[in-house]
Structure formats: structure tokens, C-alpha cells
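Have a look at the structure that comes next, please.
By letter and in written order, the chains are A, B, C, D, E and F; residue numbering begins at 1 in each of them.
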Amino acid sequence: MENQIFELQYALDTFYFLVMGALVMWMAAGFSMLEAGLVRTKNTAEILTKNIGLFAIACTMYMIYGYDLMYGGGALLSGISGQGETYSNASDFYFQVVFVATSMSIVSGAVAERMKLFSFFAFAVIFTTIIYPLEGSWTWGGASVFGLYSLSDFGFYDFAGSGIVHMAGASAALAGVLLLGPRKGKYDEAGNSKPILGANLPLATLGTFILWMGWFGFNGGSVLAMASKESADAVAMVFVNTNAAAAGGVIAALLFAKIWFGKADLTMALNGALAGLVAITAGPDTPSALVATLIGAVGGILVVLSIVWFDRKLRIDDPVGAISVHGVVGLWGLLAVPLTNSDVTFSGQLIGAVTIFVWVFIASGLVWYALKSIMGIRVSAEEEDDGVDLTECGLEAYPEFVSK
Amino acid sequence: MKMVTAIIQPKRLDSVRQALSEINVTGVTATEVKGFGRQKGHTELYRGAEFVVEFLPKVKIEIAITKEQLDEVIESITSACKINGGKIGDGKIFVSSLEQVVRIRTGETGPDAV
Amino acid sequence: MENQIFELQYALDTFYFLVMGALVMWMAAGFSMLEAGLVRTKNTAEILTKNIGLFAIACTMYMIYGYDLMYGGGALLSGISGQGETYSNASDFYFQVVFVATSMSIVSGAVAERMKLFSFFAFAVIFTTIIYPLEGSWTWGGASVFGLYSLSDFGFYDFAGSGIVHMAGASAALAGVLLLGPRKGKYDEAGNSKPILGANLPLATLGTFILWMGWFGFNGGSVLAMASKESADAVAMVFVNTNAAAAGGVIAALLFAKIWFGKADLTMALNGALAGLVAITAGPDTPSALVATLIGAVGGILVVLSIVWFDRKLRIDDPVGAISVHGVVGLWGLLAVPLTNSDVTFSGQLIGAVTIFVWVFIASGLVWYALKSIMGIRVSAEEEDDGVDLTECGLEAYPEFVSK
Amino acid sequence: MENQIFELQYALDTFYFLVMGALVMWMAAGFSMLEAGLVRTKNTAEILTKNIGLFAIACTMYMIYGYDLMYGGGALLSGISGQGETYSNASDFYFQVVFVATSMSIVSGAVAERMKLFSFFAFAVIFTTIIYPLEGSWTWGGASVFGLYSLSDFGFYDFAGSGIVHMAGASAALAGVLLLGPRKGKYDEAGNSKPILGANLPLATLGTFILWMGWFGFNGGSVLAMASKESADAVAMVFVNTNAAAAGGVIAALLFAKIWFGKADLTMALNGALAGLVAITAGPDTPSALVATLIGAVGGILVVLSIVWFDRKLRIDDPVGAISVHGVVGLWGLLAVPLTNSDVTFSGQLIGAVTIFVWVFIASGLVWYALKSIMGIRVSAEEEDDGVDLTECGLEAYPEFVSK
Amino acid sequence: MKMVTAIIQPKRLDSVRQALSEINVTGVTATEVKGFGRQKGHTELYRGAEFVVEFLPKVKIEIAITKEQLDEVIESITSACKINGGKIGDGKIFVSSLEQVVRIRTGETGPDAV
Amino acid sequence: MKMVTAIIQPKRLDSVRQALSEINVTGVTATEVKGFGRQKGHTELYRGAEFVVEFLPKVKIEIAITKEQLDEVIESITSACKINGGKIGDGKIFVSSLEQVVRIRTGETGPDAV
């Protein structure tokens, strides 16, 4: 009978992992819709192709080698057909694999509308096989950083991956964007930023809601256990805080945009929701719901400032604001943890953040650079004018609609 | 025969259509266009960056008529579009000459085909 | 070991609440897409902003005070960081908070295309902090109505909220619409209704499917327990009946529209699905699947009649049909309970319905009226012509598409 | 206490069924969006109506009689209000009913843009009441084929329905398409295929992601149990393999299309994902993740070949590629099982496949033929030119957009 | 030089294009428009309320040609659009005079540029 | 008065608009059209089947001007659209005569109304 109880606990934990993982998988649709809504019509089919392609690549490469590098267990999942200790190993892999896809998804938005599709896929192969898994091995995997130091010694804490997943994706994106340059027409000769409007805001909004929903799996699943009173309470609190932070992000971004721009800019409200979610991801377990709302709200304000700052001051062209949402706010998420978690220090968080950023940024930069030399990473100016849908995919996203 | 082309505010299309049918204009073709005249576009903010909306949405209507109808048609469009004593953006009317009109269905040509 | 079993039960019930709650949260996306599809292009971005904003407001205000008013436990969730008896308190809050957001979502569709965005948000603050929670305290909360009488004494029964959530939202919407008046151009001088076509029916259909899916959480979660044979059977039956009623609503509305209008009006099929769902919500636990189908089917016919009646006879302009779907059919749902549940009486249901309607309608009316006096609730005629997207949000939903 | 443990297991299994079923229900939205994205604007509202209508019909007819025919238990679910042995009977019905809807959904895409709406609904009634349930009774139901032979004697194995659900739907579709003929303008006088472009690829992509997500319920739920270590491990492995096969399908289809056509055709990537999913559905329980990826990849290549072959060689006009995705790849899925499951033989699989195909194809053909004689199945050439949205539904999907 | 403008049924665009290429017309511009002539819109029901679809979707094609091509072009369009002896809605052709044509690429003007 | 109609590449719209405002053209109407001239469409593959994209997306701009402005306007459009010495697809300009122009707002007519 003891065994039956164990089996039930095992089954519940496994089931919990699978349901949470399915929600995270759903985030792939969220990123696709968000990005498809924020680019121009002529680049829509390509970004959809990019998103479904990168998800498939991430799932395959992480299965082949990435999971082994991050957590051990053998390439090709050789070690996970067997059973786990308190839940099925396969469910753990399933939950982890959708995380690497999330991190990769962040990149696709930032490099949108001008990157060669297959260069992007080549990058995705390396990012999901090595760059992310190695960084993941230092953090969640517990390995030491190139044998030099161990992040756990500094008490680095990143509950569900504000840094490990989101800032990592943003760091890779930043490296790519720097090498790629802004979209044609984004800055005039005087260096003034010229807005390029997203073509389909209902899609972008849908994407945001999908991400919001999926994030319950992202954070909720990161408790890694459900089948006890303690873990059940923890998961429930994580759900509440995740939701609260997203709500705080929306309200703050909306009000802030209204005050600053005089208009309730929908795209900023969407970025605010995502910023709230990214902000709470490093520590959704310790704050109260009110504090979670505030952490999200700070994220919501930060993201508006950061998007404008990247766009107008740094002249870094990030069509969907991915670097701000996942990078800048990801960092804020890491640094906010010590506010409510006394086991965590600012310095430890900073060391972790720097470690992740330096590794991912440099490694990604080198890979982008190599790809640039070998196959090129940017489409020609003429192809950019015509839209990458035609040149990369040979079709249009809305062939019947009259569009610019 | 004449071709009258008017560029009007989209929100006036309905009243123009009614005004025209009251004076027995039996055919109209409408196109969605973008334009600017004295009415320049306004400045908008998108994600914190300013931009000028150069072209504003307009509707172009084309009406083929006989010479005799010309004044009445211009009058009719003008009064349907001129609101509150005339505001910038109210629109513009262009008149050109038509050499021939053919009704495909019957093969009729000339004023009868209008 | 007994404790282990208790913990497992506790974990399963908590997990069940969280999964059901995530489905209900997902309904926010459903309302957004439904409404975005049924308005005109020029008002699409604004309604999306409204929907994501109201969800955020509902989550925050209910956390701050609404939950306390409805169920006690302290403002700011002070009482719920602790643990529950048979499931986590936090999971209960999570499940409840998405309900208030649902009720609020109903309002946004009815007042679409002409209301000031920030007046709407102001209303949302009051509705989700006081109006809905107070009404909820009388019903699910068990408190007496202003100390006068207690609905439980009349055996009022509203399983998942046909009245408490849906009719309540519709009552608030009705009060708003009456003060707001119809959209410009909706009725000609002779008072004839002029249809204003929804701009994007695939979005509206997507929204309906999202709501359908989310409703399994809405009704299924309202059993409030999963971890016993009895409750598991109950939840399963609720799922079956919820699905059956929606199906009945679709078929009835489609056939009825085909017979009446001569065409299989898609928008009526969508409203039919929602009507079926609203109709069964008051009592998805007692009917057989066949009876549930019929209850839904009656809802599907009612909704078609009601939409036409409101539009053409009463000249109340409700762009998405929210008052009919959630109000009229919500009432039908309440009154249908005694048909299959012998513990419930028509009179009890009627008293409950009247109580909810009177309170929400009057309280909302006063708030709408106050807002009208203070900040105005309607955009100017010129702004309405140009579309609220430009004037309220400063952007267009589909900036590249040529639209009316 | 033993009883408590039993109840917990019962509750967990029931809950698992319901969650998996909700995911499968969600596939209805996936098919709707996929098909709405792949047809022309002028036929979009009708296909949405078709999809929501068929789902409602499937749910109702299977409740009335289909479930009884397939698994026994009495018409009108008379036998299932009671309780099950290890899980609630109602949850089993819920899980099964969404399968028949899936099978029916496959048909709607293939006959799109030219079929009469109500003839389609009439077919749906018969397919979901008799044709599918009878076939299902021979396979999952365990009954003998017209008293002649029993598929279980041949060891026929179809885990979640590559054949029973997907190939069956495709067989019914093929019969319909043959009687219906190609869309006007699809083939010129010389018999050359003229592409007819899908009008909204973001919708089609969304639909694919929805299906991908829903498929975890489709395959994962088909383990039919969760509440033991063994079944938990099995479900987890099924999730991993389902995901791996979809990923393999995307990569293979994308690369193959890139090589063959010179372009990364998004629609082929989408079909590749679905092909991967269909391919693994007959046996997601036995392969390793790597082998599952390969089974999906073969599906991805097959689907590209098959779509081109049906279109250009056979001149069978299948607007969304349903016959290739679900039929051809469904067969591949059945035949791939013996590769990793030693209890299964090629011959057994072939006999099962032929049985399903012959029955469904002939029975459906007869029904289509009868409908053609009685009420006609094809709209007039003029109606086809104008689009079925106007003639069947009396409205347009995007009334404001200028479209062809 | 002449500018021929024809308003046709969208479903005829393909046949017109073919008919024109058979008589060596080398340039065509097409616009999606809405219009009404003798063919009035029909009444539809939306959510139970009647409304008149005033404007029907049409395609406008513009073809710049030399004077010599005029009759042939009109003939060609007419026969591609007149179906079953002529039905209301088949369309209308307008002809006006062109003073100048410039091919941007080469700078050619006049009939050579058409 | 003249009506200048130019069919140009969509991507040139911005430079044309700028070029025109430099020579003080105060009104422009733009329409999204599809067209072909010498530049024939290209062949695409969709789901493995070849098809010819007959009509390419273009923008039509219409500019009403006085006779005096004509040469300058043509020159200005030409130089904004002729890229790299002229490529097929660069566009075409049509000039016709305008008999009358009316500014609705003020009722002005003739050259003053342009």
C-alpha cells in the first residue's frame, strides 16, 4: 500500500510536469503570433516559418545532445527511457525541452525582417545544442563554470529562468542584432528613428495572451513537484504571483505610456504584460501577491523606457522589443529576488547575470560572426524591400490583401 | 460626356451616394485611396517614436455623366461634403472629358451608355 | 501514511484548481478575440487594449479588496498566504480571480466602439472591487443581502455562475449601454436598425472556441473538488454536459437562423455556442447529456430572438450581443435548474436573479452616471467617425490594410 | 484507507482523461484556423461555420447513438451516468467524443470552397452516428467485422488512431472529393494544376500550433490510464515521442521543400508538422525519441510528395492537403508500428488499414452519392465564383477588406 | 493615345487579361474598386437585420493604348465580359484621351512608350 | 490643368512624395494597384505547383497640376523612380487634360483649386 501511495505521487508529479510542459510548448504559438503581428505584412510568412522551424530544431537538437550537456544522462536521451525517482524522466525532458525552445524564440523576434532564414536556423542548431545547454548546466545543472567557479557558491537563484532562459535569449539576440544592423529605413540620415508599424495587432494580442497562459506552466512547473502539501502550496502561490505580476506590468505600462505619449499604446500594454511575467520569473515563490504586482509593475515601466532607449538612443533596431522585454527586464527579475528572498544576495545575482550574459553574448557573437562570413546573415537590400516572404518562402502571408 | 472624380472623406461616402441618387446618377465607382492636399497628415507616436502620417485615408469616387448633368453633380457632391462651412480635408473634385462610354451588356455607346 | 494520503488529495485538488483556473484565464483571450472580430477595423486596437487592461485591473483590484469582500480572509490576500484545508488557499484565489475578470469582460463588448477607454477602466476598478464581490458575497459567499434576507434561504442555486457571473456582467453592460446610447449610424432617422458588420470573423470564431475550451475550467472547476470518486464523477459529468449544451446551442442557433433568415449566419452560430454554455452554467451537474443538449438548444434559439429583439425592437445597441448571450440566456440558465434539480425552485431562482440584477444594474448605473458627469463616457462624434483606435490608442490594428 | 487510495487513483485517472479531452477538443479550433487560413477569403466564413457546426453535430450524434454503437452502454448515454471502474465513465465518453469530431474535421478541409453547407452537415450526421462508430467498434471496440473476422486476431495495433481516426477521416474525404470534383479554375484545359493560394497564413500557422498542442491530449490520453508508475511513464514517453515526431516532420518537410522547390514553403512546414503527428499516432508508445523523430521525418517527406502527387498527377483537388496528411501519412503511421513494436506485424497492420479504408470509403461514397442525388452536394458555378460565404452564410469573413 | 478604363466583374479579370494579351496589349493596371450601375446591390441579412449592399466589388482595369488599337481593345474587353448575351453588372468601358505617356525606364514618350 | 498619373514601384512612393514636395506640389492621391507592363510577373511555386504571378503590386499616384508645372513634375517623378539607369518595372507616367478642378472647402475652381 505504501507502494501504491508512492505510485500515485509519482503519477501526479509526472502528470503535473506534462501539463505544465504542454502549457510551455503552447508559448511557441504565442511567440509566433506576437512576432507575426508586430512585423510588416511582407515579412509575416517568413517569421512564422522561422518560429515553427526553430521550435522543431530546438526539440531535436536538445534531444540529441543539449539535454545531456545540461543535465547529463546520455546523448540521444539514452538515459531517460528508464524511470525516474519521483516522476518520469521523460516528463522531465519534455518540460526542459520546451524551455530551450522558449529561449530560442526570443531571438527570432529581434532579428526579424532582415535575416536570412537558413542562417537563423544554423544559429538555432548551435544555440540549442551548446550555448544554452552549457549555460544551463552551470545554473540549473549545477556544474561549475569552465571549472573556475560555481554559481551555487554565490547563492545565485533563478527560479524559472528570468536570466537562464529569458536574458540568455536576449543576449543571443543582442549579439545578432549588432552584427545585423537595423532594418532598411529604420533610421534616417540624421539618425532619427522612424517607426515601422506592426501589421496585425490582434495577432500580437493573441500571442501575448497565449504567452501569459503558457507562463503558468513555465513558472508553475518550475516548482518541480506537486504531490505534497508543501509543493502544492508552492505551485499555487507561483500561479497567483505570476498572474499578479503580469497584471501589474500591464497596468504600469499602460499608464506610463498614456502619461508619456498621451495615448494608451496597445503594443506597450502587451510588452508590459510580458515584462511583468519576465520580471517575476526569477522568484515567483517568495513575494506576496501585492509585491509580485509591484515587481511586475516596475518591469512594465522599465520595458517602456528600455524600448525607447534602445530605439532612439542606442539605435539598436529590435522590431518586437525582445531585448528589452527579456534582457533588461530579465536582469531586473534577477535583481528583484533578494527583495523578498533573504537567502539570495544582490552580488550573487549580479555574478550570475554577468556570467550568463558574457557567455551567451560572446559565444553567440562568434557564431553569428562565423555565419556572416560563411553564408551571410542578411538578405540583400532588394530582398528586404520586396519582403522576405517572397524571397525566402516564395509565398505571401495574406496574398489577397492589398498591402504596402 | 464627362468623368467627375472626387476625393472625399471616407465618412462622407454614404451621404454623397444618397445625394447622387437623388439627382438620378445611376452609376458610381468608388476606390479606397490615400492622399494629402492642404490637409497635411498629423504626427503620431508609436512605441515612443514620432512619425508623420503623410497620407490620410480617402475615398475616390468616379462618376461618368453627360455634359448636362455636370453642374448639378458638382453641386451635389460639394454640398454633401462641405461640413460646417468647409474644413480642410473636405476634398476636391476633378472633371475631365470622356470620349466614349460603352455599356458592355448591351453594346450601347455614348450618352445612352452612361 | 494517512497524512500522505491527505497530502495527495490536497495536492490533486490544488492542481485541479490551478488547471481549471488556467482554462478560465484563457477565456480572457477568448473574449478579446471574439470582440476584436465583431467590431469594425477602426475600433479593434482599442478593444484589445480594453480587454487586456480590464483583465489586469480585475486581477489587481480583486486581490487588493474584492476577494476579501466576497469571501473574507483579509485585504491584500493577507489571509491566503497560509494553507487551505483541503486545497491551497492560493489556488482558490487564483480560480476566483479569473471569474471576476470574466464577468468584467462581458461588459467591454457591449459598450464597444464608442466608449472612452479610461472611463471604462475606471468602471472596471469599481465593478471588480465592489459591485461584483458584494453580489458574490450574497451568493457564493453566503452573506445576507444588506442584512435583509439570505439567498440561501430561498434555495437559490447557481452552480458556476449563469447569474452570478454572466447575468451580472450583462446587467452592468445594460446600464452602461443605456447611458451611452447606440453607435453613430446604427439607427436611421426612422429608427431602422442598420447592421454594422464585424470586421474579422475568423478572430470571432477563434474567440468562441477559446471560450468553449475555457468553459470546461469554468464549470468543471466549480465542483470545487476532484480528489474523491464522487467529485471525480461530478466533474466528469459537468464536462460532458458543458460540451453537450454548447453543441446544442450551435445546432439550434444555426438551424433557427437558417430557417428565419435563410442563411447560416456564422455570427449566430457563435452566439449559439456561447448561449449553450451560459445556459448550462447554472446547473451542469444534474441533467443528463441529452437534457443538457436541450437546455443549450433553447439557449441557442433564445439568443437569436433576443439579439434581434434588442436590436430592432428595443433599439439597444450591443455590438457583440453580450446582453443577450450573458443576460437573457443567463436568466434562462437560472430558471432551467429546477427542471433537473428537485432541490431548487423557480421562485428561489427568480428571487436570486432579481437580487443580482437589481443590485448590479442600479449600482453600475450610478457609477456609469457618475463617470459620465465627471469625465464623460462617450468619445466625440468625430472621434467615433475616425475610430477609437486612433484617438484612444494612437495606432491602428491593421495599419497596412485598406479599410473603410 | 485502501478505499481512499482507490478513490485517489480513480480521481487522478478521471482528471487526466478530462484534461487530455479538453486538449483534443481544442483541436477543433486548430482545424478551423488551419482550414480558414488555407482557403480563399471568399470561402472563409463558410468553412468556419462548417467547422463549428460539424463539431456540434459530432458531439450530439455520438452522444445519441455513436458511442453506444462503438463501445456499447446504451443509446443516449443511458449507461454512463453511473460510475466507471477505474475512472468515471463520463470522462471516457468525453475523451471519445472529441475523437469522432477530429475525424470529421479532416473531411471539411478537403471538400472546402465548393460543397453545399447543409449537404456537408447531413454527411456529418451519418459519419458520426454510424460510419466512424462502426469502424471504431471493430478496432478499439473489439467487435468483429460484420461477423467475418476480428482485427484483434491479426494483432492490428493503432495506439491513438493514425488509421482509426485519421485515415478514416481521409477516406471519407477522398470519397467526397472524387464525387465533388476539383474547384473551378483549379486545372486548366491542359490539365495543369493552378495553385489557389491560402488567404491567411498566420491563421493556418496558429491552427497548426493548436493541433500540435492538442495532440498531446490525443496521444497522451490514449494510454487510458495515468495513476500508476507504469502508466505515468508510458504517458510521459508518449508526450516526448509525439513532440519529437512533429519536430521531425517540420524539419524534413522544410528541408525537402527547400531542396525541391528552392523555397522554404511555410505551408509545407505546417503540413510537415501535422504529418509527423499523424505518423506517430499509431505507435507513440514504443519508439525512442530519436526513432520517433525519424518516423515523423519520413511522414514529413511523404506528405510533400503526396500533396504534389495528388495535385499534379491524380488531379485530385484537396485544398488543405487533408488526404495526404491524414490518409497517406496515416497509413505510413500504421505500417511503421512493427518497426518498433515486435508484437505487431506488417500484415496485421495492412489488413486493418484495408478494412478501415474499404468500409469508410465505400460507405461514405454511398452516402455522398445519395446526398448528391437528393439535395446536391456542390454549389453552382456562379455561387462558387462569388464565394460560398455570401451564398451559404450571407456574410463575409472580412467585409471591410478589399479582396479578390 | 487613349486611356481605356473598364469596370468589370472580378471573376472576369483573368479572361480579359488573356484576351488583351492575344491582341498584344503590353500593359495593364488593375484596381480593386466597388461600384454600382444599373446593377443595384442586393439585400442581405446580418444578425437578423436587413441591409442593402450598395456597392459591389468590381475590378477597374486601365489600359493605355494608341488610337489605332482602340476598337480592337474595346471589342476584346466586351467579348471577354459579356456572358450569356449580356447580364446586368457585366460592366462598362470609358475612353478618354491621353496627352502624353512617359516610360520612366527609358525616357521614351508618346506612342512608343505605351 | 493636367492630371499626371504615374504607376510606380511601391518602394519608391516615399522618395516620389519627397521629390514632389520639394517642387511645391501640394496634393497627391495614391492608390494600391496591380499591374504589368514590359515587366512580366515571375513564376512562383506554391505547394509544388508552378504559377505565374501576372500582376505585380504597384502604386498609382495622381497629381493635379497646372500646365506650367507639368515638365517639372514629370522630371521629378522620373528621377525619383529611375534607379540604376533604368530597370524594367520602374514605371510609367500618363498625362491627361483636366477641364475643371473644384476645392470643396472653399468652392474655388480652376488653377487656384489645384
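Operating definition for what follows: a residue touches a chain if its C-beta (ideal position, glycine included) is under 8 Å from a C-beta of that chain, and two chains touch if they have at least 3 such contacts.
Keep in mind that this is a model prediction, so the values were computed, not measured.
Shared contact partners of chain B and chain D are A, C, E, F.
As for how the two copies chain B and chain E face one another, under half of their interface residue numbers coincide. Centre-to-centre spacing of chain C and chain F amounts to 51 Å, using the average Cα coordinate of each chain.
Separating the CA-averaged centres of chain E and chain F is a span of 19 Å.
With centres defined as mean CA coordinates, chain E is found 44 Å away from chain D. Under the contact definition stated at the top, the residues of chain A that touch 2 or more other chains are 1, 5, 8, 12, 19, 197, 200, 206, 261-263, 265, 267, 394-395, 401-404. Each of residues 31-32, 45-46, 96-97 in chain F touches at least two other chains.
You'll find the chains touch as A-B, A-C, A-D, A-F, B-C, B-E, B-F, C-D, C-E, D-E, D-F, E-F. Residues 1, 4-8, 10-12, 14-15, 17-19, 21-22, 25-26, 28-29, 32-33, 36-37, 44-46, 48-49, 51-53, 55-57, 59-60, 63-64, 76-77, 81, 83, 87-91, 93-94, 97, 117-118, 200, 203, 206, 392-402 of chain C touch chain A in their complex. Residue ranges of chain D in contact with chain E, taken from their complex: 185, 385-386, 390, 394-395, 402-404.
Every residue of chain B that touches chain E in the complex is listed here, in rising order: 3, 17, 26-31, 64, 96-107, 113. Remark: chain C residues 1-2, 5, 8-9, 12, 16, 19, 23, 40-41, 197-202, 205-206, 208-210, 212-213, 216, 220, 226-229, 231-233, 235-237, 239-240, 243-244, 246-251, 254, 258, 261-267, 269-270, 273, 288-290, 293, 401-404 touch chain D in the complex.
Within the complex, the chain F residues that touch chain A are 10-11, 32, 44-46, 57.
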